[in-house]
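In structure tokens below, several structures.
One chain, chain A, appears in both complexes that follow, with chain B as partner in the first and chain C in the second.
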Partner chain A sequence: MMGLTRRQFLGALGGATAGLALPRTTRAAQKGTLGYPESFGVLCDLSLCVGCRRCEQACNEANDLPAPDQAFDDPTVLQHLRRTTESAYTVVNTYPQANAPAVHRKLQCNHCQEPACASACPVGAFTKTREGAVIYNPDLCIGCRYCMVACPFGIPAYEYHDPLTPRVRKCTLCHERILAGKRPACVEACPMEALVFGKRTELLERARNRIAAKPENYLHHVYGEHEVGGTNWLYLSPVPFDQVGLPTNLGEEPLCAKTGGFLSFIPVVIALWPAFLGGTWLFKRHNERQGQQPKEGA
Partner chain B sequence: MRTIQLSLIGTLLAALLVAAFLIAAVGSLLPPTVPAIEAGKLILGSSHEGERPAVLFDHDAHTKALGNAPCDSCHHRDAAGVPQVVEQPLAEESVAPSLAETHGKCMTCHEDRLSENLSAGPTTACGDCHSLANNALGKDARDLFFDRHRHAQHEAVLQPELGRSSCASCHHRYDDQRKALYEAPGKESSCRECHEEASTPTVRGLRQAVHQNCVTCHLQRLGLQKKSGPVDCAGCHSSTTPRDWTTVPRLLRGQPEVATIHTMSSAMAAVGFNHAAHESREGTCRVCHHDTLERCVVCHALGKGRDLQTVKLATAHHTPRDPRSCVGCHELEKQEPACRGCHDRPLQELPTTSCGLCHDGGPGVTEVSSDESAPTTSSSRTGALLAAFQDLSSDALPETLRLDLLAAEYEPSIFPHRKIIQTLLQKLEASSLAQHFHPELATLCSGCHHHQQPSQALHYARCAACHGQDDEDRRPGLLGALHQQCLGCHQRMNLGHTGCEDCHRRRPQQDEVR
Partner chain C sequence: MSQTAPTTCWIKDKLFFGLGAREYLRSLLTPFNAVAAMILLAGGVAAVVRFGQGLGTATNLSHDNPWGLWIGFDLLCGVALAAGGYVISSTVYLFGLKAYQPIVRPAILTAFLGYAFVVLALLFDLGRPWRLPYPFVVQAGFSSVMFEVAVCVATYCTVLFVEATPPAFEWLGWRKLRAVILHLTIPLTILGVILSTMHQSSLGGLFLIAPGKLHPLWYSPYLPVFFFISSIIAGLSMIVVEGSLSHRALHHRADPGTDFDALTIGLARAGAIVMFSYFALKILGVISDGNWTYLPTAYGSWFLVEVLGFVLVPCLLFASAARNRRPRQVKLAALLSVLGVVLNRLNVSLVAFNWQLPCEQRYFPSWMELAVTLSIILLIVLVFRSAALRMPILRPDPTYPEHP
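Showing the complex of A and B:
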């Protein structure tokens, strides 16, 4: 019973601190200080994707991943919904639509501007780079897989088959290629140019231009502009985003802002609480001694 | 510890129960699927709603069961002896009959028939009749479409009997002074011109009027052993299948073959509107004419825009989103897969280059004035296009193009340039509308060679002249442009062949690697 009370107390304390910290974060988000302004991203136009899976193939080759169970030109793969795995950093899914042609969507890490995986990682194995990619350092990883729980898009995968050095695996936005001045492998492979690589700010403008040029073609919303504080992967779609498997209930606040206040208070509590308790104990002992002194003196 | 575990299990169980209840509750709140009301059945509203739902009344089953003279069993006759059909058919006055009256009529009959060992409706349980839950009231999808085919059927029977005056069997006008109907040959119009939805003291509502006229006439003719129409609901209120209207005789009422539509501005020539050609496309005049068969300009004043009373003529004819306007109807036609390859999106604004295709000066200027000239013109148009196409040398129009952008993985794709144009020309031949609006070969070419003015000389830049290696804003790179163009067209025109290997075969050595 004792433990429960302490937990409640700490919870209340944390909640109060988070309440104090939250307004500050929201203001920051409104000012648009999230992410790196010069970072790169990819605009994915779902109205153009034909589901040819060349992006999957290019990703597989660029990352030296094992050969897939079914060949990349086997269209039957699209008959069921898939998710990213440790050997496929990107997969294309087909979402059938009522009274409209099916829409294909490529799944991969969206490279959040304020990545939840990075904020959840206790050892800082994830880094949001200046170029926009969220990359992973297996040397730091302790295998807790908090990142997999934290990701709102369910992207990171784990090498469960490897008992000794399992790693978390996900799209790297081809960070090495970007540093070398090249485009991500999937973008380069897309024959429909459904994927466009560029500065995130410019991509947003292009996305808006496309909507303005063919307003009847698109839902008037760029997914990823604001979702979870913005992502470096942006989407244009002819149908509502929840019909192509993108969550629409994430809000515009970075997910780390929901926990950051509480978590940042923990070190303070850890540092100050023993001092406070120790001080109280000292004070109490001092008082007790003072109370005893006259007795001794008498 | 034990208590905590137990309470945890308890909480989980409670949560499960609550979830199950919630799911059940949400399920029951979802709207039930609404059944469509079949022809031959009527919804009789319940005057005691809240207690009992409405009745789905099977009119045709009753007509069938009641034998030779079924109407009088239920329908009242008005002063002139015509059975009341629509409004308060059961009552003598035009007030709603009381509960006792309706129930008396139905239940007495049901009970009588039951005692006579005849087929009878329910006699005891209220819910046997009042079975239609209110939220299940489907849309009454029984609109009757009295199209040119039906009109021709009536003409074929009545004209031999009555000659020219057969029109007056149905068509009439009302003289306000004499308070009487009179025949007005040559002024026939749609029933809706006078008969509105609801009855007025002098003019019966549309439903009332047509039911009384049609059903009474059909019954009378049946009595006289003459060829007659249906007397059950489903006989008339059945869905009509789309048919080839060109084979149905025209409704002749003195309309011009080619009408001249004048414009207000001297800068814009009049339109020679081929009325006959448009008639042959549609099942009824009301597709363009609203309730009257007057000329457009009688209601739509010359000019552009709209005021409080009317939409002006130019606007009425040029609104892309209104299927009743010329442009709007043509837009609808362009939804056909054959057209969608090039016409992939709704018209944003009127093109200024094609005004002359309609505004050709009128019948005095064009040669499209006599009956047989219309078909010859369009076929000669396609003929001219075909001739122009065949005259093109392979220098001007390459037979095929070799596309090898993905040479590492795929063998080159052979683009059948000439065959594609030939296919488009074949599709053009099937539509007189398309022929009219594609007077030159260059118009067809500009479907793919976009952003280049259609040129008489047919000199077009290659795709790579504009589409570079990489994508630029609003302009895809060459790889993207080709795939978007080819695949987009194949998808929109339902042409199939949208797989990678339909255009370029995978190189064998690549297969070995993968």
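Showing the complex of A and C:
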């Protein structure tokens, strides 16, 4: 005997088929909720941010970026909304509120637990590190810019004006500094302690405690806990998150689940199309031969 | 002297239609070629700027709009409009509708040129085009839809190249090689359908990752299915459009034994059926996601223009043209459907993409992007024309046995 009963075989076959048909969504989502439990992140409390832009300056210095067009202490910069660029991995925007003081928000890579950019890259140039950062390897990048299409937060920027070695540019969560036991430059520079660096799990706890301590101060939601499968940057805000430019229509499923579900059907196409098309051709040839025989006989 | 003579003779016979070099060059001085030369000149200038100074100088791309005309038109529309190759070769070789044999060669040539020039356009758009083979030789991103597109387009381009060689071999007189390729027809056709199914749908699948950026009327989990089915529409319609144009422009090269108008009636019937199921699916997509509340908005009107004006109307035109046997109406319907597929691809990649951004952050192509795109379309036409004028594309070579 083979040591494999018919029932076991059919069971295994069924399991394999189900595994094939089961959209990668579920698998990706499971992995997402597990994440890297020990990874680091930053809690950003918008109720504490005063828009001083010290974080921008610290980021600029830590990453050796070119000097900005307007000085970091020039408050007029905050009069219009900005986004991250190849020479500014983080920017602070001011969002005026009706009947309430304006709220400032710092924009940078949110370091998703299941990064859409990483799943989109055709050469796998992005890595989600154990420490939490999503980092980019310019030595692999072909410059298709699909990561920029994929990012739900509109963060990656491109060096469009470099004809020879253009790179995607974005916040690295100061991965090198974290490995050296230091905090990200922006966190270290914040005079208001609006930014807190720590283990993501502990930051979530701290965020909930802050809401519980002053429930009237905060929207009762930690942005980034579940959005697109969770991010390593977490936000507390006194106003709804769509009023400070954070998308609230993204859902809790990692974005890679949407493409993964589709990609998992490709093996099915590869398996079924040749059989169907080849079968059709054989059928056609069979019919042709059947049709020819009586003629030859006649 | 005696060594160069056969070469000169070969060039004269094969390339210059038996004319002398000076006569041949004089025959090229036509108004069409003059316009073509001007467009190519503009495209050349744009190419120098793009590769000399970078994408930023040549294009209107931005951090918010990483993809522009070269992806939206050259890649997405280029691949869709080249679908005639797999559509017609599977019809003839796998499903056995031999009546359509005369249009296989032009369709395959169009498809091959389409894909070859898609790759050329991609070289313009990629930040580091010399790294094009990286996904295959350095590191593969298996979770990426883009990786799948890259694998399929590269493989299918090769398949189409092989499929397009027989007329060239007949022109060159390489009988043995031609016979070898003809024996591969069936496997190549099957491979072509598999690869096309995969990457036509994947081009729609590319946008699945951006639900927050693409307008809900265009974003749908069915995007890959929409793209695949509409590629069949594009393929059928492009065969009619391209066939009508080449029969008009190159009628002296066309096969007098083929009644192209009669064939278009059959294509119209197929077109009507496929377009109706596409139309139904598009409506189903809107209903199932509960997005019909967006219909009374400006984007909703634009969506209706696409789905009614460029899907339902040509669908009905195809149906009535097939029923009443009106070839001219088939051509009109085919033109509308081709425009409809182009409109859909531009809507998904450019118009309805980033719909929430303020107006001043939206994308509009630069003149250099337009010049490159026009040059690429023109190059396809020119290469097709020069091949069809010299090789047995539009009619079989009587000195060769029948096609398999």
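The rule we apply is simple: the second predicted complex is superposed on the first by the 229 of 298 C-alpha atoms of A that agree within 3 Å, B and C clash if a C-alpha of one lies under 4 Å from a C-alpha of the other, contacts with A are read in each partner's own complex, and residues count from 1 in each chain.
To be clear about the criterion, contacts are C-beta pairs under 8 Å (C-beta built on N, C-alpha and C of every residue); 3 or more make two chains touch, one makes a residue touch a chain.
From a predicted model like this one, the values you see are computed outputs, not experimental measurements.
*Asks:* May I ask you to decide whether A:N209 touches chain B, chain C, both, or neither, giving the answer as first, second, both or neither?
*Replies:* First partner only.
*Asks:* Which of the two partners, first being chain B and second being chain C, lies in contact with A:A71: first, second, both, or neither?
*Replies:* In the superposition, A:A71 contacts chain B only.
*Asks:* Which partner does A:H220 contact after superposing on A: first (chain B), second (chain C), both, neither?
*Replies:* Once the two structures are laid over each other on A, A:H220 reaches no partner at all.
*Asks:* After the superposition on A, what does A:M192 contact: first (chain B), second (chain C), both or neither?
*Replies:* In the superposed model, A:M192 contacts chain B only, not chain C.
*Asks:* Tell me the contact category for A:R145 with respect to chain B and chain C: first, second, both or neither.
*Replies:* A:R145 sits against chain C, while chain B stays out of touch.
*Asks:* Touch check for A:L48: first (chain B), second (chain C), both, or neither?
*Replies:* First partner only.
*Asks:* According to the contact criterion defined above, which of chain B and chain C contacts more residues of chain A?
*Replies:* More residues of chain A are touched by C.
*Asks:* Quick one: classify A:P101 as touching chain B (first), chain C (second), both or neither.
*Replies:* A:P101 contacts chain B only, not chain C.
*Asks:* Any idea which chain B residues touch chain A in the complex?
*Replies:* For chain B paired with chain A, touching residues are 345-346, 406, 471, 473-474, 476-477, 479-481, 483-484, 487, 491, 498-501, 506, 514.
*Asks:* Inside the complex, what are the residues of chain C that reach chain A?
*Replies:* Contact set of chain C toward chain A: 50-57, 59, 61-64, 66-67, 90, 93-96, 125-129, 131-132, 134-135, 138-148, 150, 186, 189-190, 193-194, 197-198, 201-202, 205-213, 221, 224.
*Asks:* Considering the complex alone, what residue numbers of chain A touch chain B?
*Replies:* Residue list for chain A touching chain B: 48, 50, 52, 57, 67, 71-73, 75, 101, 190-193, 196, 206, 209-210, 213-214, 216-217.
*Asks:* Which bits of chain A are touching chain C when the two form their complex?
*Replies:* 83-86, 116, 118-125, 140-146, 148-150, 152, 154, 156-163, 165-166, 247, 249-251, 255-256, 258-263, 266, 269-270, 273-274, 277-278, 280-281, 284, 287-288
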